[in-house]
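The two complexes that follow have chain A in common; it is paired with chain B in the first and with chain C in the second.
Moving on to the complex of A and B:
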């Protein structure tokens, strides 16, 4: 199992007449590290918002291992194995590092039955089930009561699952190098550590598709280089597909196996880093006069 | 302040105990205001009626178990059953209110759910008063053993001891749920960022329902304690304690759980001890009813000068 295959077909997202995305096709094979680049306003973050169910696209479809995920609620998309980090870090600032990671594990701690859900393999059937739940009417009340009872009574099974989740959260913190920061409040962590924590939290949802929005933003060259190593290690260790938005060309060229270029909401090029760098449309739209310099941020 | 010696130490201890007793009730009810505000930024003005429903549920259970005739070990059983019934009734009421009156307005302008809340509040209090009771007042049977604990100048009735102890225990359990369980983490995550919590797989609706339910259970418990202590209950009984508890939540910084507790006790003390302190000024004689004036004057002053609460950092940190 090497991460989920992502297929985006004819994706369009309009905001009151403005087409933020138009007819975008992207195919990312399982386990690949894909870069998405493009000038500001090209639609990169809108694409991520569509992939996570935060926006519901106005046309086209999004498939994860062949099953539709567009139209599902955010927490359902998360449960199917799509996770992300943000350009401007969005941790739960008043929680400790380990609590942040534990929130990410929530879909995998099932209080009540005390059983962990099986690893997700989206079948059409499961997705149908998830889709049916969207109106989510009395179900939320029922499961909230169930969970309340579980939280108070805490049968041994619940305690076991919680302690397993805590162990796993510790391992995740360790794999991003934050083992000593477990009980620090997130907002007090140094900037680089906050980025790492956001990554650990994203991993806690057991993603099969990990979306990273400018993972090295605000980092110095050494920190960026170590983040590149971390992204590769995570792809291998956690068997996930990675799609990342990045402005630092050194990072894009160093870590991405394939690159998709967006401009004004359209896909204008796709290929290996070398191919993309040679592409005339890309040079014109994005790399501009900086073509081939391979360093630093694009013009803001 | 030599003037204080005009009244006896017993008198002041009584005032403090009374303040802490009513403060316990305010604190329990304030928790529901502050938690719901934390996740939805909504002032749930129907919360006072949720408290009233709990008081009636407890009353019904005590009546069914024999009312005045309950004695011996049955007192303990009856109290436990009354508290459970109140928690369930209040919880169910709050879940229904959330579903019917607030969720359809989740994305409406902020004024809409607030007005809806006031509507639910008026509806429930009149439903009980005019629909069921014909304006009648009911009275809790005084089943709790009379008598008091005396330590020098300090006198505390057993009922007051029970009330303060039970409140503390309930708040401790709530605090533990919020801080240490998965459910509590998901509530805190939603309070910090609804979108972000959903992205991490938290079922936001479920966390919101649980928040309402937890706050309502505390209010239901408070309703029973109120009935045991003040005896008379009616459909409109939730109004003043509800607004007092809201005041307590604002005093402590709305959205903050420890703030609601501190604010509750502070308000209880302010309106009893505070009023009596004012009475020490020569020529001032404020009767008991003035405690409401003290409480609401505090609310206005806090809203003007420290709208984020008097015990919080200026940013008004959330729970």
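Moving on to the complex of A and C:
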């Protein structure tokens, strides 16, 4: 199964008068590495927040493999295979590296059929949405009690999925180069390792769409280069679509197959790295704020 | 300079962080000692042991909510009351609704009702975080107490319920303080086992993730609503167990036993003991519940008698001080009253202790194992930095 296709149609996100995103269309075919660039405040992170259910967009649609995901709760979107990292690293700071990854595996550490109904999009009426949950309450209570009982009694089936998950978490740590940091508290990891750990945690959710928000921010050139290699390898090994926000032009040009450019919440250009670099509007947007290529992007 | 301070901080941490693992054998020893010599202690002592065990149990319950899931709950007494009232309403001849049920039938009922009320109180506070959560849950604790006061047809209001049927084991009835102490010990061990199993499972990790960063936890596929409610329900069930054991022990269930003070005591135990750490909770209970009881013992008074000479030395000093400063400080009380006086002011001492702990040891006196672990893997980056700049 290759990565999921992502379709964003007419997406808008307003914050009290400020249009952080306006009428944005993006089509990402399955398995592509797509770059999203744009000056500070262009709306790139806001786009990710909409894609992952952190924000509910004020207009437009988001489709994953043709099914609407806008309006769903964050955990529902995640269960459908959308995973992300954060611009300002957000690890579970007081948990160990491997625990961070295991939290990422959460939805896959299940015993039994784990049948899952497709999540229902909310109607927009709070009371109606609340009422819709009532019939499912006894079932939810039953499964919660079941889960707690499994945690306490630890039957062989539970032990097996736990140890499988631990093995898998170890392999993930290994694939991002953190095999020797397994039991370190996330907060104590060096900065570059924290970014790698975030990536391993995102991969643990088994994403079909992986959203990376400035994965090389704050890294030195060597670290950035190895991150670029890692991202390529991930796309191939984990069969996922990757959307990548990036300020370092070297990274963007090196790894992205297609690039979408945002400015003031609007899509101003799209195309191959070479095309985008030549686009007059892109040059203008960038010249208006700072030099066109490379350079030190200040932390937001 | 900065790195010097960092390494001093580390030395300091080292001494502190080792405490929980050193403390564990002491706690186990104390428990074993109290059981082996159970017949040597008189009833006052056993009562203290029982209360320490009870509060340790309650603390482990609240620890699930506050320590593991990071939900600041100031209304824990609500679940304690639920457990006590379940056993009392359905298992006391003076109750208008006596169901003539065996105690052991009522315990699972109490646990179930406790968990249910945990969920019901959890539902409205789901969107709240931090301080707001604390304030609303504080209100819930009071609501339950006021309900108990006013639902005369069930609770007999402030006249309370008594003659509660005792737990009958078949070969013996649990009536004696000693038997109740053993009972609370067994319950505490069971709660300890259950909560630590859950902590080390997918559920426990989900709770910790929510505590660390709720939004990110959701982004990892965790249904935060579900797991928060599970934390409330688990904690509440433990609270109800405590109540169900307390009711036949004290044999008087009335609203005045379920004041805000209970919630505060339990929370203080969890915070001072060290959030997320069971040994710390037991130690916290010993310090905050055991010591004030101990201070009021006759033995303590007898012992303090030996310090009568201190009074002879210090009173002239106080008189002298009063004449010089126009203050009117009272004489030192009789030494045998010191313990009682101190116990009287224990909330002042608690408050001070809490402030000191929060300033010096924000993770509690005995922080969770996590922090020990952290220390065993010294962060290389920091080490390198401290060596470089020295």
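One rule holds in what follows: the second predicted complex is superposed on the first by the 253 of 300 C-alpha atoms of A that agree within 3 Å, B and C clash if a C-alpha of one lies under 4 Å from a C-alpha of the other, contacts with A are read in each partner's own complex, and residues count from 1 in each chain.
The working rule: a contact is a pair of C-beta atoms (placed from the backbone, for glycine too) under 8 Å apart; a residue touches a chain by one contact, two chains touch by 3 or more.
Everything quoted here is computed from the prediction, not taken from an experiment.
After superposition on chain A, the partners chain B and chain C are seen to clash. In the superposition on chain A, A:59 contacts neither chain B nor chain C.
Within the superposed three-chain model, A:96 lies in touch with chain C and out of touch with chain B [touch as defined at top].
Of the two partner chains placed by the overlay, only chain C lies in contact with A:190; chain B stays clear of it.
When the shared chain is aligned, no partner comes close enough to touch A:45: not chain B, not chain C. In the superposition on chain A, A:166 contacts neither chain B nor chain C. Common to the chain B and chain C interfaces on chain A are residues 52, 54, 73-75, 78-79, 83-84, 90, 92-95, 99, 102-104, 106-107, 109, 140-141, 144, 147-148, 150-152, 154, 162, 201, 204-205. Against chain A, the residues of chain B that register as touching in their complex are 91, 95, 99, 173, 177, 181-186, 188-189, 192-193, 195-210, 213-214, 317-318.
For chain A in complex with chain C, the residues that touch the partner chain are 52-54, 73-75, 78-79, 83-84, 86, 90, 92-96, 99, 102-104, 106-107, 109, 140-141, 144, 147-148, 150-152, 154, 158, 162, 183-185, 188-190, 201, 204-205. Within the complex formed with chain B, the residues of chain A that make contact are 52, 54, 73-75, 78-79, 83-84, 90, 92-95, 99, 102-104, 106-107, 109, 111, 136-138, 140-141, 143-145, 147-148, 150-152, 154, 162, 165, 201, 204-205.
By the touch criterion stated above, chain C contacts chain A in their complex at residues 119, 193-194, 197-198, 201-206, 208-209, 212-213, 215-224, 226, 229-230, 233-234, 370, 373-374, 377, 379-382.
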